[in-house]
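Paired with subunit B in one complex and with subunit C in the other, subunit A is shared by the two complexes that follow.
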Partner chain A sequence: MRAFTYERAADAQAAVKAAAETPNAKFIAGGTNLLDLMKLEIEHPAHLIDVARLPLAAIEETPEGGLRIGAMATNSHVAADARVRARYPVLTQAIVAGGSGQLRNKATTGGNLLQRTRCAYFYDTTKPCNKRAPGSGCGALEGLNRNSAIFGASHACIATHPSDMAVALVALDATVETLSPSGAARSFPLMELHRLPGETPDIETHLVPGELITAVVLPPAPEGGQMYRKVRDRASYAAGLASVAVAGGRIALGAVAHKPWRAADAEAALASGASADEAIGRELEGAGENGRNGFKINLVRRLVPAALAEAREQGRGA
Partner chain B sequence: MSSVIDWESTSNPVKENRAGNIGKAVDRYEGPLKVTGTAPYAYEVEPPSPPAYGVMVSAPIARGRITAVDTAAAEAAPGVMLVWTYMNAPAQGPRPERYDFFTPSPRPALESDRVYYFGQQVAVVVADTLENAQAAATLVKLSYQDDAAKAVTFHDHFDEGVQPPGESDVEIGDFEKAFAAAPVTVDDVWRTPLQNHCQMEPCATTAWWDGDQLTVHTSVQMVRFAQNSLAETLMLPHKSVRLLTRYVGGGFGGKGSFYEDLVLASLAARELGRPVKVAFTRQQMMHGTVHRPATDVRVRLGATPDGRLTAMSLMTTTHCDRRGNFTEHASNFARSLYAAPNRLTGHRLVRLDLPVASAMRAPGEASGTLSLEVAMDELAEKLGIDPVELRILNEPESDPETGKPFSIRQLVRCMREGAQLFGWDRRLPTPGQVRDGRWLVGMGMAAAIRGNFLLPAKASFTVDADGVITVKQGMTDIGTGTYTVLAQIAAETLGVPLGDVRVEIGDSELPPAPGSGGQFGAATAGSAALDAGMNLRKAIAEIAVNDPASPLSGGDAAQVTFQDGVIAIANRSERLSELIRRNRPDGLTADGEVRPAADASKWSSHTYGAHYVEVGVDTITGEVRTRRMLGVFAAGRILNWKTARSQLTGGMIWGVASALTEGNAVDPRYGSLINQDLASYLVPVQADIGELDAIMLDEVDDKANPMGIKGVGELGISGAGAAVANAIYNACGVRVRDYPITPDKLLAALTAI
Partner chain C sequence: MKTTITVNGEPRTLDLDPRTTLLDTLREHLKLTGSKKGCDHGQCGACTVLVNGVRINSCLSLAVMHDGDQVTTIEGIGTVEKLHPLQQAFLTEDAFQCGYCTPGQICSALGMLKEVAENWPSQETANLTGKITLTDDELRERMSGNICRCSAYPQIVAAIKSVAGELA
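Now for the complex of A and B:
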């Protein structure tokens, strides 16, 4: 870790202003990801703007019948919220499938969305990695890449996005609200937050530098069952090998791409009457394997129909 | 010279257990300190004056040379006090050509421009704060010439395996002939991956000097070995170094030796005239210390149709570092397990550009049982015989290779009692029969065996004027319960309440004991303690009968009894504290020791057990979760029901780890390991372990040592993973012989079903 300066932002406007004016500044919320990355010499911000205590932690009803979740609401807080549990169980399930209790107590909604990949080569600074050191190459491409992407990967990067929460939010068709460095608010579908790696895997989202996430907005809960299933090497506290969120007619996949992956082809096939097996088969036509991760294709093929069936069961029960 | 015959025929307070301290579920002696965070681990020890902080820099290549060194920027960084590389590190004792882990010898740090493995420490930066040292460490610029062979995985070099130095294969009868003639056979290879110890406490040292006298607090399993080796590294007389290791946050074999933190903290503290702390980071622990090497174990079994083994062979190929000697003896345990007239066992060793291989959690057994105990399951299926019955059919009368009688062997009883308690009769022999929703459920079992050892050790006991007994021994407690069992032995031997015993261990100034490892700790340290206690009893009794002021005056010293802090001859008694206050107000000390018996080698002495496991296999995803585990163990007299059970269940959990999650993969391009933290190196978490129990049979092994106890630390893991693998097969009909059995490996086979 290197020396850095630190400030606690008084309000959201002050936070984006500081970010715009200070070179090489970063927001820090729970710090559960950023501090690790700094200690391991993967990120070297010169200045930290602490946003954790901004008054953006509330969970409120929206006029449309949805919920607005403040960006600083902790993962534990969101997962335990009675309204979230009753109306958006897939979100609670996804959050509690992530990390450990201690991490979720610190982790925030905004920080969770922007957490960085768990690719082992990204974490080891002695290895090439286009995401950490653009142009150095991709260590994972011909390496031990069992947990890499099957959708949307590029020859520059095959990493996956590790968030569980974001997968559920994509299936729920959530919207992100932000404050840009100029101080202007904007909102856009969460599905459009993350990018595919392309040639620039170091640029991970469509946020502009210094843009602050202020909230995530959930539309009214969809009809039908919801469910989150995460497959992992151990029962808890492990990155997913693949995960699936089902909410109404929407399906999102986790740990399979550089972003939470909306299975739009599968959804379309289902809507036109295809079976679950056919639908996921359609989605997987676009999948490709990289070295050792081919099992994920098989895994997703089995996982999604099972999750759809379970969600349907629950929808009926409700 | 001690003798097994004497041990067997002599009674002592531990055997008699009048006050009932032995075997009791006594809470940990140091438990309150640990759970309140007030037990200082090595890095937390407060030195006499403010310390400086050292941070090490590790090599990014698997083999080669440092070609250029630029430390100017690091030296100029804020707070930096010194920067050392091989260019300017102080002179140290020369490293022996090949070294082993029990003979003290110099272990110089930053010794040359040569890099032998990825993650080797190549520089150290010492600064006024940890943060300044960390920041400056990033500024050390070293250039390298990378000479590593491009493929450094074990399997690329498999064929280069040679006989480990000084060893040969052990053959009894004619294995090949018998195997070829056997009507029923199993012939498969099992692979275990390289594993890391992953102790919770990384290696760390706090060091300071007082003139020519060095004091170090560090985290090691063997006090005397580390003290002597450090002194030799620093080219000092042994007694110039005082080494303390009061609390150790896990060892698992990985702290049997010591590493650069100890050497560099000592050297830097001398150079700077100020205490220095140096610790490994979690990432540095993975490469910079030691690991359990990968193995390939080929098992061949030949049997008659009625289930008698006629041929048995385990051949292990494994690896170590270029300069090392360590061999993972995964075949050895099989030499004592089952009867078979024709037998062949041995090892092949490959030297690679990889970090240093060494002992970890039941070296040999932990890896080897993952093959043989699954092979027995496969054989049982081929024969149509229950796996428990197959093992019982091949139970030997005496040690199957040496013919020596067993000191005691209750393996069959472990298996039978385990089967009954677990409900083994409910297991369906045909796989894939039991469904629970999306899960297939199955049961598996395996036998457990682990050697029993006794090493020379000393101890001393002091009684003070308050009647408090202090046990002193250069022993370690690496989280196992050593403090507690020594206190129990002292309380029972001197007849004082447990609360009147103090235990001082982990200090090289105390009477030497070999330390913790090879599950010899309690037996070795405890036997020496018992002897010291017996000598103290004698000394006390002599004083009492010769003290005219004592009610015991004029009595027979041999008749003095010790109970509840009172010494007595028949109805004449007084408090121990009163006697000592009158006669030895400054306290009375007696020494004791234990040596291996000259005739111990006449017996085959082991600990045994049987594991029963029920798992669920998710048919959709290939995820495996253990549902129930039961281990039944026979390991001599149990000193403390609670700490022994914790050792055994902990071992069983490590067995689950080795079967399902644990292992590190080598990226052959870099000679480095892929998992470098505890988020990616997966050991089981609470949610992975369902019901778990360990039962200890009533047993006394009077031939093992004066107390009739044996070790339990490494028994629990032995065989546990094999039982999991067998349960997976019983659940879903898939055998994965490449550990760990992760969902990706199972899924391929599940899809085919």
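Now for the complex of A and C:
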């Protein structure tokens, strides 16, 4: 790990001020992804601003009937929250499908959203990767791309976003609240947080440098059932090959794109009376493969109707 | 950087490079070598310790981030003269061969049993709003962050189950 300086932020305003004033600074909260990447010298911040103890860990009711989840709330606490389990079960299911107990006890809501891809070429510093080293090329394009994206990829990058939690949050139509480097607060749909790779896969979100996520806000739970389903190589503690979150009429897919993928075409088809099979078929008209990841298309074709049926069942029981 | 961490009940003040992980602090600076370094990337669980009663991977945490925290390692759980019931259960059930993963398994299991007592769900929990029963499937899922390369898993499950009732 390369040397860095460290400070603990006194409050959120001080944290964004420090980030604005210090070159190559990064926030650290749980650290479970950032420290891993720092050990591998994929990330090498010159300065760490510790935000873990900021008073942003509460989970509160909103006047609209939703929940505001503080960015420092750990994955474990969010998954275990009685209100989340009763009203947003898809979020609990998604969180407990990710990582291990130890990791979820440290990982935070904000950090989970900003975790980096698990693409093997991103991790291997001897290989080209436009995300890690812009302009070096993409090793995955012609390489071991079994776990690469089938939606929204570019010739510069076919990596996927690894979060399970974010997939459920997109299906729940969550909003992100942030503090800008200037100290101003703003909020926007979570669906607009992550970017597709395009020509600049190293730029992964629409946050400006030094902008701090302070909360994720859930609107009131949608009508209808909810369900998260994830397929992976091991039964536990493995990244997804494909996953799906269903929340009422909304569908989001995980591990298939550079961002949590809102299946808008499938949703529209379902809303106009198409069957689940027809609806996901409509979505998959936009899918593409790179040699070894084509199986994901069939996986998604089967996974989504199964999850929709389970969500309907769950909705009936609730 | 000056950092004070209470380890197994004893406040320890150290002057650390910010890069020092909690695991390296325990092993290299405090000579508490019970916590093991397996992968050093949060994949194996051998470094699991309890921080303020919660299990974490000590390899993926900076010591300077734990100023003021209470850390419990395997050395704080039992002694050779007075084994913790879970340590005795690992002996009774033959729940290890080489023993390298065992301190992490035991710290993880103690944290896990507390999580069950607090009714935290796992992906094996079918009814998210009901009371959790620690079935074998639940136990295995909750311990999936601890790898045993000798593959003593059936005995580890038996050892944890044998004390789950009295510790919960």
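By our rule, the second predicted complex is superposed on the first by the 318 of 318 C-alpha atoms of A that agree within 3 Å, B and C clash if a C-alpha of one lies under 4 Å from a C-alpha of the other, contacts with A are read in each partner's own complex, and residues count from 1 in each chain.
Simple rule for what comes next: a residue touches a chain if its C-beta (ideal position, glycine included) is under 8 Å from a C-beta of that chain, and two chains touch if they have at least 3 such contacts.
Computed from a prediction, not measured in an experiment: that's the story for all the values here.
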Can A:S236 be said to touch subunit B (first), subunit C (second), both, or neither? both
Should A:Q93 be classified as contacting the first partner (subunit B), the second (subunit C), both, or neither? second
Kindly classify A:G101 by the partners it touches after superposition: subunit B alone (first), subunit C alone (second), both, or neither? second
Counting only touches as set out at the top, which of subunit B and subunit C does A:A120 meet: first, second, both, neither? first
Partner chain in contact with A:R302 - subunit B first, subunit C second, else both or neither: first
A:M1 in the overlay: touching subunit B, subunit C, both, or neither? Say first, second, both or neither. both
Does subunit B (first) or subunit C (second) touch A:D50, or do both, or does neither? second
Show which residues of subunit A both subunit B and subunit C reach, each in its own complex. 1, 3, 235-237
Sites on subunit B touched by subunit A in the complex: 60, 78, 118, 131, 134-135, 138, 283, 438, 620-623, 625, 660-661, 665, 667, 669-670, 672, 674-677, 679-680, 682, 684-688, 742-744, 747-748, 751
Complex contacts: residues of subunit A adjacent to subunit B: 1-3, 40-41, 118, 120, 123-124, 126-127, 139, 142-144, 146, 231-239, 241, 295, 298-299, 302-303, 306
For subunit A, which residues are in contact with subunit C within the complex? 1, 3-6, 8, 28, 31-32, 35-36, 39, 48, 50, 52, 76, 79-80, 82, 85-86, 89, 92-93, 96-97, 99-103, 105-106, 235-237
Spell out the residues on subunit C that touch subunit A in their complex, using ranges where they run on. 1, 17-19, 21, 40-42, 45, 48, 54-57, 60-62, 64-65, 67, 108, 111-112, 115, 118-123, 125, 128-129, 140-146
